Amino acid sequence: MTELRICLPGQRLCLSDKVYTSGQGTYERQGYIYSQLTGCLDIVEKDNVKVVEVHSSGEQTVVPGQGDIITAQVYIITQQYAKCNIKCVGDTVLRRPFRAVLRREDVRATEKDRVEIYKSFRPGDIILARVAERSITD
Amino acid sequence: MPLDHKRINGPDETLPYSLFAKQSTPSWNQIFKELQKEGKRSDARGFLDHRKVFLKTGIVSQAKGSAYIELDNSKVIVSVFDPHEIPNRQDYSLKGEIYCEFKFAPFSCKKRRLHQKDNEENQYSAIMKQALESTVCRHEFPNFQVDIYALVLHNDGSCLSAAITAAGIALSHAGVPMYDIITSVTLGIQKDMILLDPNVLEQSLCSGPILDDTKNSDHGIVVISILNNHNQISQFYQSGMISLEKLNQTVELLQKACSDLVPLIQKCLVKHVIKTLKSSGEG
Amino acid sequence: MSLCEAEKTFVLHGVEENFRLDGREREDYRPMELETDIVLHAFGSARLRLANTDVLVAVKIEIDVPFPERSKEGKLEFFVDCSANATPDFEGRGGEDLAVEIANTLSSAYRSKHAFDLTKLCILKGKKCWKVYVDILLLECGGNLFDAVSLAVKAALWNTQVPKVHGVNIDGNNIELNVSEELYDCDRLDVKNAPVMVTVCKIGEKCIVDPSVAEEQCSVGSIVVAVSGDKFSTVLQTGTGSLHPATLMESLKLGHRVAQRLDEALWATLRQIKPGQDVGFLK
């Protein structure tokens, strides 16, 4: 649809019920869906449910989170891990690189114990990876 | 305050010339009586009128988000940068952090300010952080830190409120997820007179008691920041000496003043969105 | 120490039923112990123990030149040191943020003339004045630091003995002060209106005072209220949450009520202290 619907942070969009659920750029509070960003409203149909999303007008603030596919460049390798700088998250190129660690056990799915990091990666290599679950230690 | 060794400081024993011109400057008592007599302030405002506000986004091209606010003569620039990793932090936290810095430019006040942050600026930075922490959706950027820098170019009173309001706009411009639009207003009280959005002279007037016969009169400054759609006070600061009843009265006044600012901010943000869409549509 | 969700819910239910973890009601304080005149080198000192929170305050005075803009006033400065004895988190610069916050809140609370009269500290207008350094040492953190610090500071200032200046010899630019030779020929500071701070935390739907460490972690939002005499000397919202305006008003009322009770209790204790008592932890 070509109709422009601009929304602002904190603007109440609609009721949160079986028909509408909150998607990216929105949050739910006390039974209503509110917008988190300044931008345009989009309603996407997914599995018979309308997902309410807000897309920011400028560059989206993207942060590497769990499960994201990232593009990184290796800069240090040791026996146990390879340290990389994340350059892109999905399709978005980041302004600042974020640090990431690739452990020996996560390099490939088979023969995990016989991995040798220096045979798989060298400093300067570009890799495609998925962000793993973060173990929270108190 | 530690000495600043990196810059060449001026001679130590300098004094501002205004100290020697005391004979001609009116005393606080005289200024107060003038205001009471006139019923209006020096710029023809009523006691409860806010100054005209000018807002603009996107003035710092290198920052992710930025905003410029003018309250008549008070001018503040706020810039917001992308989330980045927190330096010196080993453990993981589920919430992101905000780092706020509030600074007066050396030429912004009547008396020259030093380049290093002094206690007042540290306190204002902490207050700004308090205000913005409840506004930003911190769970959206776990373990990362968003930097917010506010610089006052000209201090004509109510700079902290101006900075907080502009910071809200800058954060929104940067695309940082927020729960609501934040607005902030300052209020000064001297005896029975309530001055909304004081300029620098009025702010100094309300900071100290007037020395005359009436004992125990109220005086003080109140700064409040409100998330309007949810009706939540995210920051409240009062200094001076104010009684409970007066404080209750001022909170109601401030709520109304904050909600009056909201349409201005909405207009500014919408204008920005339309401009970006138009330029991306043409390009 | 971080609490799990079940522990937080337990604390919440306790607060709702007016029966907290240690059996207190919402407006009750934990037991306190106060000792004064314990640091020999200081002009005044006090130590306050509020359950697990331990604060030691020492007051030192020096002769200084007053600020040129405020030539009839002395100076009062607060320094807070979070010692690593309290928690290992305070090692190095870890406790700096907290220390700066407490020091700034104290300065803000004591700023007004009605709270603490700096003109009494002036010796010779424009040339000599007393500068009072209040050094606060946090020995142990058991929650509710602001209250403990403010009470200890008030007691230490009450205990402070300022040497009497009998005469002044002015010889061109050389000024010599004749300070009294006798040990006990001193003035005391007027702390009748010195502010007392109360931390009011909102847990669930109700507000409590004097939170312990566990309760501080469960609180959604909190405000620190400094009450001097009958009025608010400073109000600062701390913590990471936002408050509803009605909650804010309620917390202010509660803080006001409790602060006056606390002040009365403090004065009752101070009057009982006789000089030359041989009891104390540093004696």
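A, B and C are the chain letters, set down in written order, and residue numbers restart from 1 in every chain.
The rule is simple: a residue touches a chain if its C-beta (ideal position, glycine included) is under 8 Å from a C-beta of that chain, and two chains touch if they have at least 3 such contacts.
As the structure is a computational prediction, the values presented were derived from the model and not from experiment.
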*Innermost chain, taking as reference the mean of every protein Cα atom displayed*: B
_Of all other chains, the one whose Cα centre sits farthest from subunit A_ = C
*For subunit A and subunit B, what's the span in angstrom between their mean Cα positions?*
34
_I'd like to verify one number: the distance from the centre of subunit A to the centre of subunit C, where each centre is the average of its C-alpha atoms, in whole angstrom._
47
_Computed distance of Cα centres, subunit C from subunit B, in Å_ = 27
*Going by the touch rule set out above, which residues of subunit B reach two or more other chains?*
227, 230
_Multi-partner residues of subunit C (at least 2 other chains)_ = none
*Can you list the residues on subunit B that touch subunit A in the complex?*
64-65, 82-85, 91-92, 94, 137, 140-142, 144, 172-181, 227-230, 266, 269-270, 272-274, 276-277
*Once bound in the complex, which stretches of subunit A touch subunit B?*
4, 6, 8-12, 25, 27, 29, 34, 36-40, 56-61, 63, 65, 94-96, 98-99, 134, 136-137
_Contacting residues of subunit C [partner subunit B, same complex]_ = 68-69, 100-101, 103-104, 107-108, 111-115, 223, 228-238, 240-245, 248-249, 252-253, 256
_Applying the document's contact rule, which stretches of subunit B touch subunit C when the two form their complex?_
15-16, 19, 119, 122-123, 126-127, 130, 133-134, 207-209, 216, 218-220, 227, 230-244, 247-248, 251-252, 255
